[in-house]
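By letter and in written order, the chains are A, B, C and D; residue numbering begins at 1 in each of them.
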Amino acid sequence: MLEIKVNPDIRLAEQKEIIGHNRWHPDIPAIATVRPGEEIYVEALDFLDCQIANNDDVSDIVNIDLTRAHPLSGPFHIVGAEPGDLLVVDLLDIGPITPFGFTGIFAKENGGGFLTDYFPNADKAIWDFHGIYTTSRHVPGVRFAGLQHPGQIGTAPSMEMLHKWNAREAPLVAKGRATAPFADTAFLGSLKGADFDRVAAEACRTVPPRENGGNTDIKNITRGSRIYFPVYVDGANFSGGDLHFSQGDGEIAFCGAIEMKGFMKLGFDIIKGGVAKYKITNPIFVPGPMDVRFEKWLMFEGICVEDGIQYDMDATVAYRRACMNCIDYLTTQGFTGEQAYMLLTACPMEGRIGGIVDIPNCACTVALPLDIFDKSILPK
Amino acid sequence: MLEIKVNPDIRLAEQKEIIGHNRWHPDIPAIATVRPGEEIYVEALDFLDCQIANNDDVSDIVNIDLTRAHPLSGPFHIVGAEPGDLLVVDLLDIGPITPFGFTGIFAKENGGGFLTDYFPNADKAIWDFHGIYTTSRHVPGVRFAGLQHPGQIGTAPSMEMLHKWNAREAPLVAKGRATAPFADTAFLGSLKGADFDRVAAEACRTVPPRENGGNTDIKNITRGSRIYFPVYVDGANFSGGDLHFSQGDGEIAFCGAIEMKGFMKLGFDIIKGGVAKYKITNPIFVPGPMDVRFEKWLMFEGICVEDGIQYDMDATVAYRRACMNCIDYLTTQGFTGEQAYMLLTACPMEGRIGGIVDIPNCACTVALPLDIFDKSILPK
Amino acid sequence: MLEIKVNPDIRLAEQKEIIGHNRWHPDIPAIATVRPGEEIYVEALDFLDCQIANNDDVSDIVNIDLTRAHPLSGPFHIVGAEPGDLLVVDLLDIGPITPFGFTGIFAKENGGGFLTDYFPNADKAIWDFHGIYTTSRHVPGVRFAGLQHPGQIGTAPSMEMLHKWNAREAPLVAKGRATAPFADTAFLGSLKGADFDRVAAEACRTVPPRENGGNTDIKNITRGSRIYFPVYVDGANFSGGDLHFSQGDGEIAFCGAIEMKGFMKLGFDIIKGGVAKYKITNPIFVPGPMDVRFEKWLMFEGICVEDGIQYDMDATVAYRRACMNCIDYLTTQGFTGEQAYMLLTACPMEGRIGGIVDIPNCACTVALPLDIFDKSILPK
Amino acid sequence: MLEIKVNPDIRLAEQKEIIGHNRWHPDIPAIATVRPGEEIYVEALDFLDCQIANNDDVSDIVNIDLTRAHPLSGPFHIVGAEPGDLLVVDLLDIGPITPFGFTGIFAKENGGGFLTDYFPNADKAIWDFHGIYTTSRHVPGVRFAGLQHPGQIGTAPSMEMLHKWNAREAPLVAKGRATAPFADTAFLGSLKGADFDRVAAEACRTVPPRENGGNTDIKNITRGSRIYFPVYVDGANFSGGDLHFSQGDGEIAFCGAIEMKGFMKLGFDIIKGGVAKYKITNPIFVPGPMDVRFEKWLMFEGICVEDGIQYDMDATVAYRRACMNCIDYLTTQGFTGEQAYMLLTACPMEGRIGGIVDIPNCACTVALPLDIFDKSILPK
């Protein structure tokens, strides 16, 4: 079995072997060729490229260089995959390769997050892994099993797709609401010289999810899942990383889930012409059958009214209100707001769409699993 | 046990007994008084107040009078409930009282829905109930068990809350994006004369969810759930209706879920001073333990890019794209777009928030339970 | 829809209409004819034929006439069903028709039960129904949702099958370990005169499960289940009753589950020649999709060693030990042994086979759902 | 973290380090000392001590030396554990260390199994692991995720307990229905000389489950489980092995589950005086929260009638009939009887107790998960 290993203590650019990249571009060379039916073992660094240490000092979060995100392992060239095909990827297994992970709150000035207006200061929580469970000295009172998953997996875009992405994101880049290509910290596998310069100047950042999958941060793409990706270039050029030990829906703190250095076992297959046949725009997937079983949930509603302002069917606002309602509640149970924020982004909380047609208020919900707490947090 | 029964063939205003209302206002008189610990049985009409017939003719949907929504049963005065308390409501059971329900697509000119730009024409599906299962002659090829739930339950607002609602919604009312008070079709229980006129002129419509609960359309408030409502007026004045045999997250067609005439068994309790103690803004709840068990789901991703436009972290757009990706897929499996739309709004589909921090793209997902289909719809 | 209703206060023999029988025999006349595809509504009395009252007096259990068990509703003649076919029965819905049920411990002298050597005295618990939940004033400290199911459903035996049953059970009848035909309390629908006498003398008692299904007491045949029964006579002559609000695996107290008077909604279909085609001896079934969701269980092991005696791979003994280990444990949590015994037979406890090959000890387990208790019962 | 590693290609007695034993006895020396709160990593050989090869040749099964079962890793001395305490063991994780496992049918003359009278000849199936899934070239048409678990874990018996076991099993040993101490193949850790001879002559074989846990073969003791063991000797002397990738309830083929060489991560704690406080005879446990999720099951009933003989409430016979009914059915779906037998012992099939009070017939069930098959096996 092909095995791609990393040294978990060393940033991507300094690994002994070239094992990955941190931008999306069709010309990043594949690190290996895989045949349909073959299974591979791939390790990956954490999404912040080894910048975070297992300690109680938050300065690494404060000073983070976000342009080094996300060190992805790959690309893998899948023999026979052509544009218009569906690449079938079986996430056969996934897990950590070091005994701890981290969650953080980026400072509002450097990274921010979904609730940055409420929690503008940086914070950090280290999570120790105990087999399937995790606990944190920074968020006492909880212990839970995580749903491991890759925050980011996807196929390489074609040049046409890449140009489309850059073009449509440009207006938001101008407002500081999207990330532009950034050559200084680009790592593009074995590319060198003029090729490197050309690609680095136009390669998309890995921050957002897009038509190739990418940084979807969907916790349900967990072990045993089968994902169907549109293929945009010959060989598909599949990559993945940003592995999470656990995450709540939304990855609301941005930094992020319980971020880990880990491994994936992957299998591959191809459905010829599947994109047109099934009218695929974004990847689709069948979640794996191995769930963490929770019986009891406490659910919080949010509607799109914030600071007295009535928004028009805005699910983003509604979800933020649901999150804040949950956090407010948790502060009545002995957690600080920051702890509650980090808990929501880290634990297997579910974020759902409620009514999305009942003008003018969208409703969203946050479902908090009650069994992660060491005491009952229900109202009495 | 107190029993509130309806004649399922007759609109609210013409029921023999006064059993409900279709607006929110503190001065709508309670129809009964209930003690904490007491259990009651309450029937309710469908959310369109008996305007829809079990036939293949879509004209009732086309010509619908939406201002008659939602005929709620109640209010119930809970002895001892005071503003600032939490009203604990146990939804002990829920079910249909007639053997069929309906789902519709409102015409764009009259009602619309989440996907009205894609499906502007009215349509209708009648669902026959077979015990816990349902099938539709209008959406062949599916059969599923529903998660029954009330689309709308809540406590009465105080006058202060009511004024706040009317004030903040007014700007959107002006744009046709919210519903103003509307006296013509208001039904306010036993209110008459000048009292009626005053209340009808200012009572809030029941369309959106608000701080009292209201039309949240959350499918997980199913049998066995315990809901904690903020109390705004003496006695809480609790009401409910708009019962659903089944619904997908978002109730995307607006008309709506599988709408039914049905019953609820309810129990009540009070947590004194619970609003401040637990920092409650919107209701919170613990979903019931009786789930429909699904193993396999096909999940669709959506990002906030629509018609080539890059939106800025807009979960509403991302969810719409996830829905459309799912519907496009279903059209490759023998469904028309309209059938697929009605299926998504009717079946226990799950709508989730994916990454909501990865600028500029929010990701949302639609999870379609595979076992509702009479054949495999997976890509091959 | 065909509706068979009972007066829940009156024993089977005195119902106004003839709606059932309490013995198995091919010549018991069908009460109605049903076509494949048709759905029916059927009510049934409790398994003790209205002998138990909602009070705190155990004398009705002490003096029970067990020969009146089980008043079954039916038989139903299914058009087109012939010997060798499979009768497909959809249990579309099931529920109580009165607001309470009962569990008892039969005295060792009159009925007994699985643990009668440990609990020889009669006892009784009344369970009040609160929608999907139940509580008992006789077993305080627990509240749970039940999995409703028929304790007894099945098709009529052929004369050949009937004779086989009587012949093979005769040796155990002689030892008091099986029940012989008993004419005195036989109720055989509309049969009268000589026909009655003949049939009553040879009709099998309904106590054990047999090749026709019968008294299987399997809690997983719950709402939404599809059961495939072998057909032994023309029309299948299907009957059912002995409805349970909830039951633990084994129905260990014999009297029994939470016994209720209730209803079933049923649908029918036929698979021609299915018995041979699928090599069917006993019924097979697909459990319904509506489960009560439990996350946490406390499991107890039992092995086939009892009173110091080493049994040889005896699952019956191993299961009894698992039950007694659980009951012993519960007595350290504030329950009397009798309460614990009634709780195990009444709640959705799971009884499983562990190792059944590791000579000389079979292992069985009892899994107790922890969320039924109002406090934690885990070891500390 | 303490790590006990094995060479997976070498039998226990020839491992470079002394890491285990294959008998139960209080005087087998601990291989390591562990403190409460400490976590350890332990590897273990397969239960047949490396006698089975990954090939299509069944002769290794035919000629198996069963007296070498089970090579257990340990014992571990837990600091502070004393007789009468409960040893709390957290099974934090478990998994394979080689990419395949095996299932076999022992010949009737050498080992046998639950259905040996029906399947007297030896057979073998090799299972390849694909992350959480497994497939077998010897049982085509199935693919499933397994519930990994230790077939055997337990604490060391006291001398008193050991003597009790030997005494009560002796009568069955005489009949060939239990296993006597057997010195020739005993491996007792670091014991040597006279000590070895003494202990080897009286140490209990590891075949059956007993009061210390032992070979319970309970599939629900899976990752994340917490088990409470009675402590019989100072330090508890905890051991474990016989790891399974997956198993059906009963491990009916005896050889066995999907047997693997694997690892466990374990944590330990102590409840002082817990045995008396909680009236513990056999271990109790809380299953882990990471389940394989199955929606649809086909369930088979069995009653205690075999070869025309009516048994008296015999759950062992009833379970055998349920298994045979399932196997007969599977032979109508393209499987040989032997394949079906090996599938039932290998896949996560559930074996349950149905009615165990309805004289004279006990009912047991086998629940087969339908999603493990690559086609529908339901009756049509």
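Assume a residue touches a chain if its C-beta (ideal position, glycine included) is under 8 Å from a C-beta of that chain, and two chains touch if they have at least 3 such contacts.
Here the structure is a predicted model, which is why all the values come from computation and not from measurement.
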Which chain is most remote from chain A in terms of Cα centres?
-> C
So which one's got more C-beta contacts, A-B or B-C?
-> A-B
Quick one: report the Å distance separating chain A from chain B, using the average Cα coordinate of each chain.
-> 32
Geometric centre distance via CA averages, chain C-chain B, whole Å | 39
Using the touch rule from the top of the page, what residues of chain D touch 2 or more other chains?
-> 289, 293-296, 371
Within the complex, chain D is touched by chain B residues 293-296, 371
In their complex, what parts of chain B are in touch with chain A?
-> 86, 88, 113-114, 151, 168-169, 171-172, 175, 177-179, 207-211, 213, 215-218, 220, 228, 249-254, 256, 271, 274, 277-287, 289, 295-303, 305, 308-310, 312-316, 318-319, 321-322, 325, 328-329, 331-332, 350-365, 367, 370, 378-380
List of chain B residues in touch with chain C within their complex | 1, 39, 90-93, 99, 130-133, 145, 223-224, 265, 267, 288-294, 371
